[in-house]
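Shared between the two complexes below is chain A, which has chain B as its partner in the first and chain C in the second.
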Partner chain A sequence: MTQSYVIPKPSRPWRPSPREKGLNIGLLLASVVTSYALVALTEMKGKLAYFFVFFAALALFNMARGLITKDWMNGRDQFFSVIMLLGMTIVILPTASILYTVFDRGRKGLHAGLLTNDMALATPSDPITSGGLLHAIVGTFLLVAVALIVSLPIGILTALYLTEIKGRFTRPIRFLVQAMSGVPSIVAGLFILSSVVYTVTKSYSGLVGSLALTILMIPTIARTAEEVLNLIPNDLREAGVALGGTQWRTVAMVVIPAARSGLITALILGVARIVGETAPMLLLTGGGDAVNINPTQGAMGSLPFYIWKSFLLGTEESITRGWAGLLVLLVLVLSLFLMARFLGSRRTK
Partner chain B sequence: MTMLEDRGQRPIPSPREISTQPRFSDKVFRAVVTTGGLSSLAILGLIAAFLGYQGFEILVKEGITFITTSEWTVEVDSFGAITNTTFGLAAMLVGTILCALIAVLIAVPVSVAAAIFLSFYAPASLKKVLVSIIDLMAAFPSILFGFWGLFVLMPSAEYWARLINRYLGFIPIFKVDPPIFTRSPFIAGVVLAIMIIPIVTSISREVFSQTPLDRIQAAYALGATRWNVIRTVALPYARGGIVGGSMLGLGRAMGETVAVYTVLNIVYQINWQVLFGAGGNVASLILLKFGEAQPYEIKALMAAGLVLFLLTLFVNFIADQIVAKSGSKGR
Partner chain C sequence: MSFQSKNDNKEKAMATPSSLASVAANGRKPGTSTLGIGLEARGVHAWFGKHHALANVSLDFPAGTVTALIGPSGCGKSTFIRTLNRMHEFIPGAAMAGKVLLDGKDIYEPGTDVTKIRLKIGMVFQKPNPFPSMTIGENVLSGLKLAQLKNANKDDLMEECLVRAGLWNEVKDRLNAHGGSLSGGQQQRLCIARALAVNPQVLLMDEPCSALDPGSTLRIEETIKELSETMTIVIVTHNMQQAARVSDFTAFFLADGGPGEMIETAATSQIFSQPRDKRTENYVTGRFG
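Showing the complex of A and B:
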């Protein structure tokens, strides 16, 4: 007796069929048409109307499809999936708008001397091509560097306490680090003002600005470093101790080198957190217009201060300068962010 | 052979003493790390101490009226000497809470929807990109949000405010007496909402991703749709984390200085009409008054900073408790 075998073809039943895909696109188009029609025919006007009518129509159409092809439960599911998509869109739109605006408006303020001149000799209404933000970039660089010298050791020590020692204070310290990351930047500025400026230095300088930044930076570094150190397998620590190493040697020779790229990520995220911090700069650094490479003396410019000042001056040229400053700041933040991402992705591999 | 002979020449090292006592280097290491770990406590304590010390005079003089009355005046005679001062923070405290509440009310539904989309709907490739964008948004400095809000968002937000006023104007808080819609607490709230969305979204997403997989699969096996799973399994599980994340966002919104200063018309009065262009918050008041303040008024600003610091610390503490509780209980 011959038997015929039917070899099943591999199929993916969860994938939308061509017909369903077509229907999806059809519903999308129908929603676009509906939003245009409603905006044209009724009193509703503007981008807001287009946006919400589109999503309402999409949600209702999808719900109707679910109801017709399956049942009430599926219809509700379809409806809410569009609502979630709406939420996601609302989250993404501001970022897109910010990126577009800054690149579009900042572009006009770019010129050849932007990164090599300072504002010492330029007045607010001078043409864009005079002056630049060298002083701001140098200032920001120095402020961040000084802040790093203080906050990197403290941040990493805190993380080491939370991961290696795990003493009595682990829970309270974790909370305190969390609370510290919620300290408003202006409070950090006021604190340095009351504790250092009024009692010791009696004047504005870059150094006191960096001290305020330190307070804002420590929690970011500590928390990221803690996450990274937690990822280091315990086997490594045990191996180190089993070979006769003391805890100190194990941490210094095994754990920290293993976590190196992660700790650099923590450092970069800390820098990204403070590089655009404005409020403490306004209180503490004095914000000069000329290049100042001495953090301990004299007013020191910084990118946020430059942007703030340019916008507040209010002339057309200075506002353009402000956007250009924002563009430079954004590029700085973006590149720090990408660097952290790159290191982070290499670590997990 | 030579090696053996050599060894014979040298004294054999005595065996290392085996003990459970930490060695000297470890004692130093532990002491240093513990000191470093406690620095956060020291810094927070010093902040409270120094702001309290500087603002002590004002706090004693004004007493409880410092946070219950809303008048901030410094009278100066013709020689520039201070004759009379009244410092009351109530208007700015109300403004702080109002703006932060608006921000949370807008941000939380949007963020939770986005987090649900990322956790349950988005395909893996799209999810990666979107998560990166949200993380990037969290790294944007506040000055960026401030000036974007002022120049780009303001015209749109003003139009939204007019719409709300036209259709919901019968509700007292949406009433606007003189029709001034620019630079209102509502607009400040929208900007703050955009600033805290990344925080709330990423915390919510994290809690959703911790939902026990067996519960999700059990629900699917019983024939639940995706929405059923979200409503009956994921949301109840994540509720505590979402509330905690929202509180963190609230704390962040309360302490924001620059973004509020740029978009809000700072007027020293208690204003509950959220669409009317007047308001303020404690942080922006400090920035506004700092420029021309005399030493005596700066003391009052320090006291205001202390109030703000304690307020954010309190909100963070509550958030921490909620998150910790929801994490350990699991439901």
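Showing the complex of A and C:
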């Protein structure tokens, strides 16, 4: 094997050159200096002033560089890239700040018995280490589980009606589902209170709380599942029918398995939608302090209720408890979203 | 060396259509006298909403023959082939007129069980469409499950169908892999194997090779020739050489402003050597379309 060429060194000519990188850093530093100088020399004050002067300076400097080294178009391009960076920062900062605050304050409320004790023998103003939120976690799991058992079949059947049957009521049902997904949770709670609690059960229980959550959960599951099912190519449905399957067997054997990971995502998004709902819990569950594993009877605690109750009392201990509850709830929701992303991005099987 | 000769033996054994598995789902044995009379279209029209896409096609598909449908794009070949196994009605707003007789019985007669019709008249689509949630083996047998048919000897049936579709040697070691992990040509042969597993009497193929490389195309053409001994085949193709290679009869379709019509049908050799209609001649010699 003779080789008539010398293998060149692989390079990446599209990357910024060291000189350009240096210039970028220079402009960044110049903007920092400008923001300090302007805040010191003018009437402007505070963190917000630093923040905005910094971005304005960075945008203008980059635009100037574009104008000088290239042309007007490039200058405008550079200006708007910095503006987009600003937008991104404005979105990310509050979120990061919320997460930080919850982790920082919730940390102080963590103790060994937090996940194994309930509040039956403790009040929120007792020292942090007495009691715990076991009852709230158990309650939240039961409330969500019951709501899920009801919502999942209804939500998925609705989505199947919209994508597979495409019957005469497709439009009104889609409209209804969209309208329902805007229902405020307190309205769902009041609806169950007036239509079920006052007329039928005449008492608080986990079950009626779950019913209210169902109202909130069905539209989320139905809409997500509809989008997922719409992504399944029609070819597969035709192939199933052409092999002698009925429409329902084709849906059950071909369409749903193909959409499986997306449907799991729909389920998890539905759960994440309701797990932190507070208003229906206040109205319907009675919010007990002891572990109660019977959803049909007696007051049932939940994480949002626990948080609400702790903050309401207003002593130092109870507020720390509230933050700890928030931390647990946040970790729960974040892990649900991570699970949804993981299962949703994974290929089936 | 020894395992190679074993394989050869196996293939020979599979090629004889007498194995247990070939008494498939609906109890017919391929290669026996159960071919039936064949399929006949009588004055078939088709509409999409108000759009009259196909007009007055009458065409016979005698049992055990291969018929090629040729013609420029949009002349209604797919529409026609889909009326032959009642897939046309799957499209919202679709309508049809005329009769399609399978062994002398109209498949559109009220009260006909449409799933049974589609079991007897199988279909292979233009784009390979294996089921993504199933393995290669499950894909082959999916028709049995979809139609809720019983078959005692699934492994033999799976092997036989893959052998007949010319795919066995390539996938026998990875029957549990996903259908999507095959190349386009292999996927299409998997779809053919899947269609064969329910042992149809008629096989409709809508441009089965248009998305494939020449090698895969040749494999599928060989498959078609072998299959034609045991079933009736209708194939839409844009490839004149392919039509000439695989088919006994050829029908030329054309939409001249109005709905698509069948212009001419005859033995394939005649269509390509001395067509009666000027438009057929222009098309097969490549002067238009």
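Just so it is clear, the second predicted complex is superposed on the first by the 324 of 349 C-alpha atoms of A that agree within 3 Å, B and C clash if a C-alpha of one lies under 4 Å from a C-alpha of the other, contacts with A are read in each partner's own complex, and residues count from 1 in each chain.
What we mean here is this: contacts are C-beta pairs under 8 Å (C-beta built on N, C-alpha and C of every residue); 3 or more make two chains touch, one makes a residue touch a chain.
This is a predicted model, so every value here is computed, not measured.
*Asks:* Quick check for you: in the superposed arrangement, does A:275 touch first (chain B), second (chain C), both or neither?
*Replies:* first
*Asks:* Which partner does A:257 reach: the first (chain B), the second (chain C), both, or neither?
*Replies:* second
*Asks:* Name the contact category of A:329: first (chain B only), second (chain C only), both, or neither.
*Replies:* In the superposition, A:329 contacts chain B only.
*Asks:* Which touches a greater number of chain A residues, chain B or chain C?
*Replies:* Tallying touched residues of chain A, the top partner is B.
*Asks:* Which partner does A:180 reach: the first (chain B), the second (chain C), both, or neither?
*Replies:* The answer is first: A:180 touches chain B but not chain C.
*Asks:* With the two complexes superposed on chain A, say which partner A:249 touches: chain B (first), chain C (second), both, or neither.
*Replies:* Both partners.
*Asks:* In the superposed arrangement, which partner chain does A:13 touch: chain B (first), chain C (second), both, or neither?
*Replies:* Neither partner.
*Asks:* Which partner does A:241 contact after superposing on A: first (chain B), second (chain C), both, neither?
*Replies:* second
*Asks:* Would you tell me the residues on chain A in contact with chain B in one complex that are also in contact with chain C in the other?
*Replies:* 246, 249
*Asks:* Which part of chain B faces chain A closely enough to touch in the complex?
*Replies:* 22-23, 25-26, 28-30, 32-41, 43-44, 46-47, 50-51, 53-54, 109-114, 116-118, 120-122, 130, 132-137, 139-145, 147-148, 151-153, 156, 159-160, 163, 194, 197-198, 201, 225-228, 230, 248, 251-252, 254-258, 262, 283, 286-287, 290, 301-302, 305, 308-309, 312-313, 315-317, 320
*Asks:* Given the complex with chain C, which residues does chain A contribute to the contact?
*Replies:* 166, 233, 235-236, 238-246, 249-250, 253-254, 257-258, 260, 348-349
*Asks:* Give every residue of chain C touching chain A within the complex, in rising order.
*Replies:* Contacts found on chain C: 85, 87, 90, 92, 115-116, 118-119, 122-123, 125, 127, 129, 131-134, 142-143, 145-148, 178, 191, 194-195, 198.
*Asks:* If you look only at chain A, which of its residues touch chain B in the complex?
*Replies:* That would be residues 46-48, 73-74, 76-77, 80-81, 83-88, 90-92, 94-95, 97-98, 101-102, 153-154, 156-158, 160-162, 164-165, 167, 169, 172-173, 175-180, 182-188, 190-191, 193-195, 198, 215, 218-219, 222, 246-249, 251, 269, 272-273, 275-279, 282-283, 304, 307-308, 311, 322, 326, 329-330, 333-334, 336-337, 341 of chain A.
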